[in-house]
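Pasting the structures here.
Paired with chain B in one complex and with chain C in the other, chain A is shared by the two complexes that follow.
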Partner chain A sequence: MQQYSLLLPEIILAGLGLLLLALDLTVSSKRTLAVAGVIGTLATLAAVVANFGAPATEIWSGTIRVDAFAQYFKLIFAVILGLVFLFSGEYLERREVKVGEFYILVTFATLGAFLMASSLELITIYIGLELMTISSYVLAGMLRNDARSSEASIKFFLMGALTSGVILYGLSLLYGLTGSTHLAEIAAGLAASPNASLITAAGVFIIAGFGFKIAAVPFHMWAPDTYEGAPTPVSAFLITASEAAGFAALLRILLVGLAPALPQWQAVLAVIAFVTMTFGNVTAIVQTRTKRMLAYSAIAQAGYVLVGVAVATPESVSAMLFYLMVYAFSTIGAFAVVIMLSNHVPSEEIEDFKGLARRAPAFALSMAFLLLSLIGVPPTGGFFGKLSLYRAAVDGGMVWLALAMVLNSAISVPYYFNVIRNMYLAEGPSTALGARPGLKIALGISVAATLLLGVFPEPLVGLLRTLHIMP
Partner chain B sequence: MTVTDWVFLAIALVTLFSAYRVVTTHKIMHAALWLGLTFVGVAGIFLLLGADFLAAAQVLVYVGAITTIIIFGIMLSSVEDLRGESFDNVWKRLSSRLTSSRRGIWPLLAAVGLAAAMVIVVSRGQWPASPHAPALDTPRLLGEALFTRFVIPFEAASIVLLVALIGAIALALKEERTE
Partner chain C sequence: MTAVFWIAGILAVAGALGVIVAKTPVHSVISLVVNILALAALYLALHAEFLALIQVIVYAGAIMILFLFVIALLTARKDPIERTEGKLEGQRELGLVTAVGGAVLMIAVAASAGLGRMPANEALPSGFGSAAAFGRELLTTHIFSFELTAFVLLAAVIGVVVLVGRRQL
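Coming up: the complex of A and B.
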């Protein structure tokens, strides 16, 4: 029975997807679907939290691993899913997106992310990845009357299919060398293996493949177009949940499976992290469209998170996990404001933010706070997250990378601040803007969580210290 | 080289060549047929490895069903031939490809470079000494693995199929106007 109780979050989530499928056929009110989605997500969250204290175990003959690392990522994914259910409704109806299918696919995409985070077994990780990305291809193309959405979907699909092939090739080399698809056995096999060049080749393919999935430079070319063209709630989901799932799988594969060969990768990963954050920040400065700016900002943030992977000490991993949580809340909250605005002004230019401080003061204040968190200004969670990443990088002997992060945070100030300037200092239309309660609740949760993580980070930091990625 | 090696080489070349033609031919119907041949080649490789059930499934599903459906799709839709210049003369075509850097030289160099690097890496590697002897009853082994050890990914794969089904309908179904 323990097999089932530990698998409960996944079971509830799969059940929720099927329930939504049935409800979509029988219930005419689309808000009922969102309510059912929120309730199902809360149940999933409860199941995840209930499993938190359980000792790390492998169930289902090693295909599912339940440990604090997996539960932590599932917590992030479930929270994001819940917020997406809360804030998407009005946008979907205004843009004539098929609401039922949207909720179903986003639920199953989250299930895929769950599987990616909670396994040490390559086939399960890969199927989870496919479940997440195939749902995302469709989600990105759901604005059917918008050519940019179709472009987003087709680019994402072609690059995604190619990179899945690249990842599979890398994984097949690992299987060929060790005869196992389980990461712990692979690590044992590789430690005894004399094939340095083959292991290097496998590492190249795996890092390149997951580099595409997390949109790290130079594998980012699909990301700005996809994040810009996709429906805004989908962009929010992809930038947060999908990216975090990529990091979860990459961390497991690199730090558990390829652990014997890890030192040779750290320099490469550090360079990728540096290039990613610099490219993202510099390109974001010149953007005039909100979603494109946020897309480049997401690339830059992925660079910061990659610092945690490159340093690869227990401290850097927990700093990076903390940052991922803060980043998820700040980004989802910022997207909630963007969605609110684009419900009234469909153009999605940064100019649209003009005068928002008078049109919707609470939204403007929240947006300013969340952007400050993305820059990394105290007392936001982003400040503490970046601080622990710097500290981990310095302690891990990569001082130049910490310096690069500081410089990049400075580079990122203009484009985030440009939005704040538009909201507070520029003249704009004066009609008041409003939103449905769901969106307000989602924004409130995001702001509150970002603030709490900045002011009281200790409980989460303490939790992360006890969390081990290694088996 | 043993006979098996030669057979493998022949099948691999056929597979690679037909896969190459899938993306380079200008007639979409030809592309579909080349794709069918690629699938047959993959089935041949499965057979060579002693995976007879997989080979049969590959022929049934990919060659039999998927290629046929693609051909039906082409015939039912009004897809014209793919754009792009087409020369009847092979050499003319080749020279025009090679002179365009974006579609000719760089992809070719990248592909050849990667292939050469992988050949060197793989030939220098030491693979585990004894590959498993080909099993006689692969359907039973496969079924056992799918329903015992790999039951979770197996179930997840069924959800992947469900998602693909929903997604295809969501993207392809015509909007019904309710006004």
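Coming up: the complex of A and C.
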């Protein structure tokens, strides 16, 4: 029975998806679905937290691993799912998106993300990845009256299918080299009979493939179009949950499976991290559309997170996990404001923020705070997250990368500040704006969490110190 | 076995080239069938009998039929679909450079790794690749992933309904 209690978060989430499927057919009020979704997510969260203390265990012939590392990522995914349930309703109804199917697919996508974080076994990781991405392809194309949404979906699908193939190529090379699909056995096999050129080939395929999934430069070309064209709640989900799931799988594969070949790929990842953050930040400056700016900002943030992978010390992994949590809250909160605004002004230009400080003071203040967190200004969680990444990079001997992070944070100031300037200093329309309670709650949770993680980071840092990625 | 490898290998590459060179879509599909059947022969030569069977039944059978259906639905005409050059300038040349470069790299990797001396090749358990061995692995070790594919399929079904169903809330 133990295997079922350890799997409880996944079971509840899968059940929630099926329940929503049934409710969608029988219940006419779409708000009921959102309420059911929030309750189901809370139950999932409770199950995740209950499993936190359990010792690391492998169940189902080693295909599922339940440890604190997995629980931590599940916590991030479940929180994001709950916030998506809270803030999407009005947007979906206004844009004539099929609400029921949206909730079902976003639940299944989260289930896929859960499984990617919760396994050391390549086939399970891959099936989780496919569950997440196939649901995401559909989610991106759900604005059926908007050609940009179809473009987003098609680009995402073509690129995603291609890169899934690339990942599989890399994974099958690892299997061919070691005769196992379990990462711990792969590591042992690679250490026992090193075959440098084939390990390099496998590493290249895996890094390139997951590079697409986390939108790292130069594998990012699909990301701005997809994040811009997709329905805004979907963009928020993709930028946070989908990327975090990619990082979870990448961390496990690189730091557990390919650990014997560590020095080979470390420099490559450092260069990718540097290029990703620089390109994202420089390109974001010239954007005039809100979602496109946030898309390039997401690419830049992925670059910061990649620093944690490239340095590859326990401290850098902790710092990276902390940053992913802060980043999820800050981004989801910022998207809540974007959604609120686009419910009233559908054009989604940065200009639309003009005068927001008078039209909706609480929203403007929250947005400013969350953007400061994305820049990395104290007392926000973003500041502490970047500081720990910076410290980990210096301690890990990659001082140049730490310096690049600082420079990049400076480069990022103009485009985030441009939004704040529009909200507070520019004249705009004066009609007051409002939102449904769900969106306000989601925004409140995001702001509170970002503030708490900045002022009291110790509990989470202490928890992260006890996490171990290695078996 | 070496003869099988060379014949099937050359047929597979020729089929793959045919897919992209053929002017009419139907010819592309037929080339793809040649490619898939040649790959099935290669799998057989590697003692992966189950994979070879699946390759023929699923790919050469089911998926190619679907391809032909779609082509028949979309293009009842005989003239080639694509006469104009791609919109991206130099796409063809860049593609050629990338393909040749990739092939050279792969051959270099294969040569330096020493083909035929793979550790996994020497230590294959008996019955590896047979339908019985595959089924046992699928329904014991990987039963959890196997069940998960049900959710992948469900998500895909919902996706089809959402994306091509009637436009109404």
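Assume the second predicted complex is superposed on the first by the 471 of 471 C-alpha atoms of A that agree within 3 Å, B and C clash if a C-alpha of one lies under 4 Å from a C-alpha of the other, contacts with A are read in each partner's own complex, and residues count from 1 in each chain.
Everything below uses one rule, namely that a residue touches a chain if its C-beta (ideal position, glycine included) is under 8 Å from a C-beta of that chain, and two chains touch if they have at least 3 such contacts.
Bear in mind the structure is a predicted one, so any value in this text is a computation, not a measurement.
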Looking at the combined model built on chain A, do chain B and chain C fit side by side or clash? clash
Can A:468 be said to touch chain B (first), chain C (second), both, or neither? neither
Partner chain in contact with A:99 - chain B first, chain C second, else both or neither: second
With the two complexes superposed on chain A, say which partner A:60 touches: chain B (first), chain C (second), both, or neither. both
Would you sort A:31 into first (chain B), second (chain C), both or neither based on which partner it touches? neither
Which partner does A:194 reach: the first (chain B), the second (chain C), both, or neither? first
The intersection of the chain A residues contacting chain B with those contacting chain C is 14, 17, 21, 60-64, 96, 98, 101, 104-105, 108, 111-112, 115, 121, 123-124, 127-128, 130-131, 134-135, 137-138, 141-142, 144, 153, 176-179, 193, 195, 197-198, 200-201
Can you name the residues of chain B that touch chain A in the complex? 117-118, 120-122, 124-128, 148-153, 156-157, 159-160, 162-164, 166-167, 169-171, 175
Chain A contact footprint on chain C (complex, rising order): 106, 108-109, 112-113, 118-120, 123, 140-145, 148-149, 151-152, 154-156, 158-159, 161-163, 167, 169
In their shared complex, at which residues does chain A touch chain C? 14, 17, 21, 60-64, 96, 98-99, 101, 104-105, 108-109, 111-112, 115, 121, 123-124, 127-128, 130-131, 134-135, 137-138, 141-142, 144-145, 153, 175-179, 189, 193, 195, 197-198, 200-201
The residues of chain A that touch chain B in their complex are 7, 14, 17, 21, 60-64, 96, 98, 101, 104-105, 108, 111-112, 115, 121, 123-124, 126-128, 130-131, 134-135, 137-138, 141-142, 144, 153, 176-179, 193-195, 197-198, 200-201
